[in-house]
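Each in structure tokens, the structures are laid out below.
Shared chain: chain A. Partners: chain B in the first complex, chain C in the second.
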Partner chain A sequence: MSRSLSWKKGLGLVALALILISYPKLVDSYFLHLSVATLLAMIMACSWDILARTGQVSVGQAGLFGIGAYTAALLYQKVHLHPILGMLAGALLALMVAIGLGYLTLRLRGIYFSITTIAFAEALSVIWLMTPSITGGAMGVSTPPLFGGNREHAYYLILTLFGLVLLALWLIESSRLNFAFTAIRENEEVANVMGINPTRYKVLAFAISAFFAGFAGGFYSHYNTYIIPYEVFGLGISIACLVMPIFGGLYTILGPIIGTILIKAIEEYLRVTISYGHQIAYGLILVMVVLFMPEGLIGLYKRRILPLWGRGTES
Partner chain B sequence: MTLLRVENLTKRFGGLAAVHHVSFGIDRGEIVSLIGPNGAGKTTIFNLISGVYSPDAGQILLENESLVGRRPFEVCQKGVGRTFQIMQPFPHMTVLENVVVSALFGRVPKISMTQARKEASELCRLVGLGEKQGAFPRNLTVADQKRIEIARALAVRPKLLLLDEVMSGLTPTETVEAIGLVRRIRQSGVTILLIEHVMKVVMGISDRIIVLHHGEKIAEGPAAEVTNDPRVIEAYLGEHIEDLEEPPC
Partner chain C sequence: MDWPSFFQSIANGVLIAGLYAAVTLGLTLVLGVMGIVNFAHGELVMLGAYNTFWFYTLLGLDPLVSLSLSGLLLFFIGIGIYRFTIRPILKDPPLNQLLLTLGLSIFFQNLAMILWKTDSRSVITSYSGMSLHLGMVHIGLTRLITFLLAVTLTILLVLFLYKARPGRAMRAVSENNTASWLIGINVQRTYLLAFGVASAIAGASGALVSTVMYTFPMVGFKLSLKAFCILVLGGLGNIPGALFGSLILGLTESFVGTYVPEGSGWAEGISFILLIIILLIKPTGLAGTRRE
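Presenting the complex of A and B:
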């Protein structure tokens, strides 16, 4: 929980930022598209991890993602709201839904909350299919390409959002929220007796998480130009949201990012070699990680690699 | 002057009355011990005061303000700090961070992170964990883990401190140190209610003793008076009579 950034780290961050900013000039359109998809997945992974920091496992991030996606798409379709404002509206609606849902369900613990989140996403999907006159139903909603199909601009937009996620994570880690989230995760009863209102902080984490998931959803609908309920509310997104951080390492900033990059790379490779290969890979990775490296890649690095350099195992 | 007033407190678990019409008061600056055989309802009373359970009947007043129906974090912020019988430090936080948590959230009005770290560090030194602030709880002895519990409870600046068996399982030397610590805490103006099985500690430290048996209060008063009470002796017969007869050292 150290908060100070050393100048070396700062320099590294500046260099990384420069690379990320000049990136679109360096790669072809295919890689740029892949990078946008990866950044989007990273945002989802980080948003899931924010809630996970309070010990709550959401299996319904797709619900929030879908709310954002449909809000942005429908607002464009009905009133031609600017895509970025639509995404913001989607993010805010997801946030409000999360607060409402959170106050109802975050009093539940562990598995019960997880089940509720699955039900939440699935219920939304069903509602969408049953109200085609408002939502487009199974036919979905389509929007014109974002920024007239300019992928570079899309890349910069999603990069900005990713930057905001990192900023939010850094603010959480350097504030009292980190203590509240960690304490609740490690022992909710004790945290409560120490003066922490568990429900309030869990709802707060869920709201922050939902804001980014909703924004990501809004971006997805405009970038992809076409959304259907099965996909944006689908279990596939919810599962991806939890596999990536678990693979990389929970409750860290770097873990979900590394996990996402590796999984996206594996996924893209398998997509072209074996059909449905990436879905099998998700399952395999999840099983292997839970069995052999419960703290993810970051944990593995701290436990096995750092000691080789003569450093301690404690963070 | 009364700090805590408990009136007709009752808590049932199913058909069993764990606490049955218990009343007592604690004055500011006192050290009061709650004793009784296993299952007498001592920890239940702590859980009722700190809001972990809500009572089926009765009243709990802290400075004439009711604590009944308040949730644990509210009770904490009203000025009640407590320790747990089974030590429950946050395992992935250092000793210092464990204490920082209570300093950050248990205090009203809230204090800054810097201030919380400073106070937590001072408390670590006070309870004798000065050298071990950066250690993780699992690497500490039972005695040190109990010190974390005490430091965490103190970090909320309690008016009333509830200590649940902080001296059981300690070596004689550690016990003596712990008694010294409890006395120092009282001198700093904190009122203390403690549950203890080690009779020599109870006898040596308490201004008053409250004896519970089967959820009911059977005696209350100064140590010498209580230990000669026939009902108390009867309650302990065959169970802890050896403890009672053990000469205080």
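Presenting the complex of A and C:
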């Protein structure tokens, strides 16, 4: 991918940005809420994808999300820190935890890494439940509505964060980091021999990923006004984080975005139709993707749809 | 020292370890024979538990009777799962196998939530409240029966693997599948059977789970995580290791439950902490792994 964008693409981006900015004026409150939730999910999907680019498949992204959520909520509850500063604090704490965890899990490959991340999130959940004097325990923590309940402002805040995560992804893709991440993912030993320090890059990816996951968590706690350990450290969030980018197409910028929009639409439909278990779609999609479309929707588009238009499979 | 509670902790730990071992055995079998960590194994246990619960609630069938029915049902479900989802990805990278079985796990969890809501259910039989007194120690009858059945399952599996032809084929395939194929073992069919047997054991352990724990959609996932901890404790893919790991986890949980303030809550987290600590010390599990 080249650093300079063609003017057509540039124009498209500007148009898209204008639409996204004027968006709150065009839709009703329910749709705005749905959009905020979707943007939040996109940020989580992208944050997971950044980590996955180094071959580290996390099933515990909820751990970092929960740390961010609780940091922001508890800082507000105890010292009335401004919500945005609280979110930033949550992001930074998640980042620091991720650096520590990243160094500890460096030697773990493949499945062992994934299992450790699940254990990490679940262990946090138990610790939170068992220390109610500090964390609020099973009762959770509540905060007043963000910006006095003004959804437009909340939308702009999450849109800004989404812009930042896209910027981070674009910088990664257009810099040497892309090669380093890919080399480590494909073969860590070879990457090491070629002079790439896997330690540094894997921890870096973990840190970037955690920053966004933590910030998203902080935003969620203030936006939702109420968090409990079962939810913010729960398997549901970790699964959502990985299914959305896998469905859309891994290691691309567009993939996690498309995947998130489609899955959120399906999920919202199911949420209305059935009272429990709407995450069944996540399970089905994960199985289907592994069996029938290993490169996700983007791969399907490149391999099946583009040739129909006679464009071949070049990317 | 308070000896009664000490011995009681040992007894409780050993009894629950029997159940953990039964759950872990199926996982070990699939991992040992085909090298796949089946994240959905716990969900098969969960289905077995629900099956037992419904047989008991609707037909009044004793859990100890429906145990074999759960095993049989899950054997066929397992065969179906293998045929349509596992077989196509046998040669895929391990991460694809992880994602596929994780997808199955999420699917079954949510299916259970849709079908049976999130209520915690339990099977209470006429003998549920009874217990034996052995010196200072009280042993619940249900727990004791569960433990003995879990031990029986283990012994049956070991006999199957060492005496029966298909079982010996499984061991051969787990050592070297190319050589097994060369000497005329049908590797595909062995995989199919191994997955079926593992699922049947999961179903039978599910029947046991329903009698000593609450049955709810996430119970399988919780047990899966404990089983991973046990695998890592005992080394991947070998049966003695799984038994050893179960004993360690069962005893640790039981002792934490007794001696730490609010211990029963903390005990739920022991498996995660143990898992993380062991993997950090030794990235391939305490006893190493037999397969690459």
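Here is the rule we use: the second predicted complex is superposed on the first by the 310 of 315 C-alpha atoms of A that agree within 3 Å, B and C clash if a C-alpha of one lies under 4 Å from a C-alpha of the other, contacts with A are read in each partner's own complex, and residues count from 1 in each chain.
Criterion: a residue touches a chain if its C-beta (ideal position, glycine included) is under 8 Å from a C-beta of that chain, and two chains touch if they have at least 3 such contacts.
Since this is a predicted model, take the numbers as computed values, not measurements.
In the superposition on chain A, A:123 makes contact with chain C only, not with chain B. In the superposition on chain A, A:194 makes contact with chain B only, not with chain C. In the superposition on chain A, A:183 contacts chain B only, with no contact to chain C.
Touch criterion not met for A:14: it reaches neither chain B nor chain C. In the superposed model, A:265 lies in contact with neither chain B nor chain C.
By the touch criterion defined above, A:134 lies against neither chain B nor chain C after alignment on the C-alpha atoms of chain A.
Counted by residues of chain A touched, the larger count belongs to C, out of chain B and chain C. On chain A, the surface touched by chain B in one complex and the surface touched by chain C in the other have no residue in common. Listing the residues of chain B that touch chain A in their complex gives 50-52, 71-73, 76-77, 82, 84, 88, 90-93, 97, 100-102, 104-107, 113, 116, 136, 152, 156.
Across the complex, chain A meets chain B through its residues 1, 175-176, 179-180, 182-183, 186-187, 189-198, 314. Listing the residues of chain A that touch chain C in their complex gives 57, 59, 104-105, 107-112, 114-116, 118-120, 122-123, 126-127, 129-130, 235, 239, 242-243, 246, 274, 276-280, 282-287, 289-291, 294. Chain C meets chain A in the complex at residues 37, 85, 88-89, 92, 94-96, 98-100, 102-114, 117-118, 217, 221, 225, 228-229, 232, 262, 265-266, 268-269, 271-273, 275-276, 279-280, 283-284.
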